[in-house]
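Both of the next two complexes hold chain A, though its partner changes from chain B to chain C.
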Partner chain A sequence: MITQLLSSIAQGVGLTLYVTAASLIIGGVIGLVLVGAARSPIAIIRSIATLYINIVRVIPPITWLFLIYFGLPQFALRLTTIQAAIIGFSIIASAFMAEIYRSGLLSIPDGQREAAHALGLSTVTTVGHIITPQAFRVALPAIATYGIGLLKDSALASTIGVREITYYAQQCAKQTHEGLLSFVVAGLLYIVISLAVALVSRRVDLTLRRKIGVA
Partner chain B sequence: MGLSFGTKAPPTALSGEVVVTGLGKSYGAARVLSDVNLAMNEGEVVSIIGPSGAGKSTFLRCLNYLEVPTEGKISIGGAHVVAGGKLPDKASLDHLRRVTGMVFQSFNLFPHLTVMENITLPQRKVLGSSKEQAQAVAERLLKRVGLPDKAKAYPARLSGGQQQRIAIARALALSPKVMLFDEPTSALDPEIGLEVLAVMRDLADEGMTMLVVTHEMHFARDVSDRIMVMGNGGVLEIGPSEQVMSQPQNERTRQFLKAVLDR
Partner chain C sequence: MDLLTQWLGWLPDLAPGLGVSLQLTGLSLLFGFPLGLLFAVMAASKLAPLQWISFLFVEIGRGLPALVLLYLLYFSLPDAGITLTSLMTAIIALTWNTGAYASEYFRAGLAAVPLGQKEAALTSGLRGWSGFRLIILPQALRISTPPLAGLAVLVFQGSALAFVIAVPELMSKAFEIGSITFEYLSVYVLTAVVYGSITLVFLALVRVLEWRLGRHLQRN
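What follows is the complex of A and B.
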């Protein structure tokens, strides 16, 4: 029984990973733009970025998914369930990633920027070669933690019909009446994926730390 | 060797490698620096001493615009800037930073880059040097500061004294005309500080024009040509090192020297 359940529910692993990874990457890129905008010299751009970050974070993820999947068709925008899930989670991830980047940037001592200025490095070089690599290394553990959080949130995509792990678990529970076992199997799959992500990020983090000793 | 002048009458026509006239800085009503004048010849070493809060570091950091002065003029090695409370145009700013090299109290090496990369990156980005050129310069300078075997190390693996010597090499790699030292040994144990002071002494002997904010009175007296004493955001006095140390003219200088030398 267990092996049958496992093989059915494991069919969802692909989409769980896909939705999570795509949203993390797209959100991560938009987050970069956001953190840049939040530090813009132009006040209106700063305000818009800050407002976006704050609004996005206070609306529950499931509300975002429903808003996009059930709301956007009213503007003649028909999305597949997977597209809707990725858009929704990307929006959410962008705001959280922007905050993670911000704290990474704040952790870089002023002296780094000052040394770069004193050497005559351009702003582009300073940001690209000095500030960003250090901020990224500081932010890495937080990014991994957020990635695992997003992995768990991706279960919400089952509510709009994305065939990921929780979706299949629900289907199995209905068909086999093995509710407990179905969701235990789903839970185990999430545990395995999370552990793998955590292990990899920890390994990378330790390597960087040992090498360069950034705080 | 140096141009010497008193503090009573501000000099009208100054000349030299470094010419600073009427430099001042205010934050709103708070005045942190006022009417600082300084002229230095090429190859001259001037130490800036004085109690904390005197404006020594602020003055030094105004010279390469890490702090923005609100009034006065700066001419260093052919770069000219008239202060106006904001950053100058990009060409002037680049020029000013190109002719000055700075060494910080906290070293500020880039921790994610190796020693070699710390020294080559600025050369490649600022001077447009090739990788080979930049590495050749770096190797020569690493020898000069006595750390030829540390090229591949990351800064976190080095002692404070070693990091500061690398920081000096990094600044020298851009061939500045004037080196600015902002309390280069204050973060180091006295013993470790000596190795940094030795490098600075060599640099002075080789004819580098140097402006050094320091609490090292021996260095100020023995290595620098002149000492500038600052207090309360202004210049208390400036003169040949031996004279300032043994016969200070200003009462506040006398108090300060007594306090530091009597320890």
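What follows is the complex of A and C.
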């Protein structure tokens, strides 16, 4: 019974990973733009970025998904369930990633920027070669933690019909009346994926640290 | 103007849903925080079985997506002969989730109290429970309150998940209105505004709380 359940629920692993990874990447890129905008010298751009981040964070993820999946077709913008899920989670991820980048940037001492300036490096070179690599190293553990959080949030995509882990678990629970077992299997899959992500990120973190000679 | 009258017309229908959401949040916090404290104390205990039980419950509560936890209870409790309303099931699931996350904050708070405090309590004759209750706990609580308040905001947002097991809360009321009027976009924007404004109120309260708790530290 359990192998049967496992094989049918594991069908959803692909889409769970796809939705999570796509949203993390798209959200990560938008987050970069946001964090740039939040530090812009123009006040109105700063306040727009801050407003966007705050609006995204105070609305529950499930409301975002429903807003996009059920609401947007009113503008004749029909999305598939997967597109809607990725758009929704990308919006949510962008706000959280922007906050993570911001704390990464804050951890870089001002002296680094000043030293780069003293060496005659342009702003673009300073940001690209001095600040970003250091900030990324600081932000990596937080990004991994958020990625795991997003993985768990991606279970919400099942509510709009994306065929991921939770969706299949729900189908199995309804068809086989093995509710407990189905969701235990689904839960184990999530935990295994989370552990794998955590292990990989720790390995990468350690490699990066070794490269610069700490730890 | 049209939109505003439409929204005002819907608000009376959404209000009972919001009541259920707040009730769900309130009860989950009411049971979840003491549960979290219990898990944190168990994790620090010398008895290995207590540590294992705490570890198991905390890791399940934190490791599973809240949605999966909700479905897990919803589909398995009836098989075990326990029939509860969907609201009760949602409260149990969210309590577990809250307790698991809260236990980490309590644990951090307890760990942040210097060991000297415990020793000082011992030399003052406050042993075991009374020392814990009078000396350690108040200091730990002050440290863990800000993250716990932040957690409370997340639990309120998480209460929207109860929609999937047909708890008549805010999201499901919005869905009802949407399926009657087909004005999905409008009704979900209204729902988002309701969730957003209540979250903002919560966050403002958290700010005030943080300021009040840190007041005695600011003077010197």
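Criterion: the second predicted complex is superposed on the first by the 212 of 215 C-alpha atoms of A that agree within 3 Å, B and C clash if a C-alpha of one lies under 4 Å from a C-alpha of the other, contacts with A are read in each partner's own complex, and residues count from 1 in each chain.
Here is the rule we go by: a contact is a pair of C-beta atoms (placed from the backbone, for glycine too) under 8 Å apart; a residue touches a chain by one contact, two chains touch by 3 or more.
On a predicted model such as this, the values are computed, not experimentally measured, just so you know.
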Contacts of A:Ser201 with chain B and chain C, given as first, second, both or neither: neither
Touching partner for A:Leu67 - first (chain B), second (chain C), both, neither: second
Partner chain(s) touched by A:Ser23 [first = chain B, second = chain C, both, neither]: neither
Which superposed partner A:Glu114 touches (first chain B, second chain C, both, neither): first
In the superposition, chain B vs chain C on chain A residues touched: C
Partner chain(s) touched by A:Pro133 [first = chain B, second = chain C, both, neither]: first
Which of chain B and chain C A:Thr81 touches, first, second, both or neither: neither
First (chain B), second (chain C), both or neither touched by A:Ser90: neither
Complex interface listing, chain B residues touching chain A: 64-66, 94, 97-98, 100-102, 104, 106, 108-112, 121-122, 125-126, 154-157, 167, 170-171, 174
Residues of chain A touching chain C in the complex: 55, 58-64, 66-67, 70-75, 152-156, 158-159, 166, 169-170, 173, 177, 179-180, 182-184, 186-187, 190-191, 194
Contact set on chain C toward chain A in their complex: 59-60, 63-69, 71-72, 74-76, 78-80, 157-158, 160-161, 163-164, 171, 174-175, 178, 182-186, 188-189, 191-192, 195-196, 199-200, 203
Touching residues (chain side chain A, partner chain B) in the complex: 109, 111-112, 114-115, 117-122, 125, 129-130, 133-134, 137, 211-214
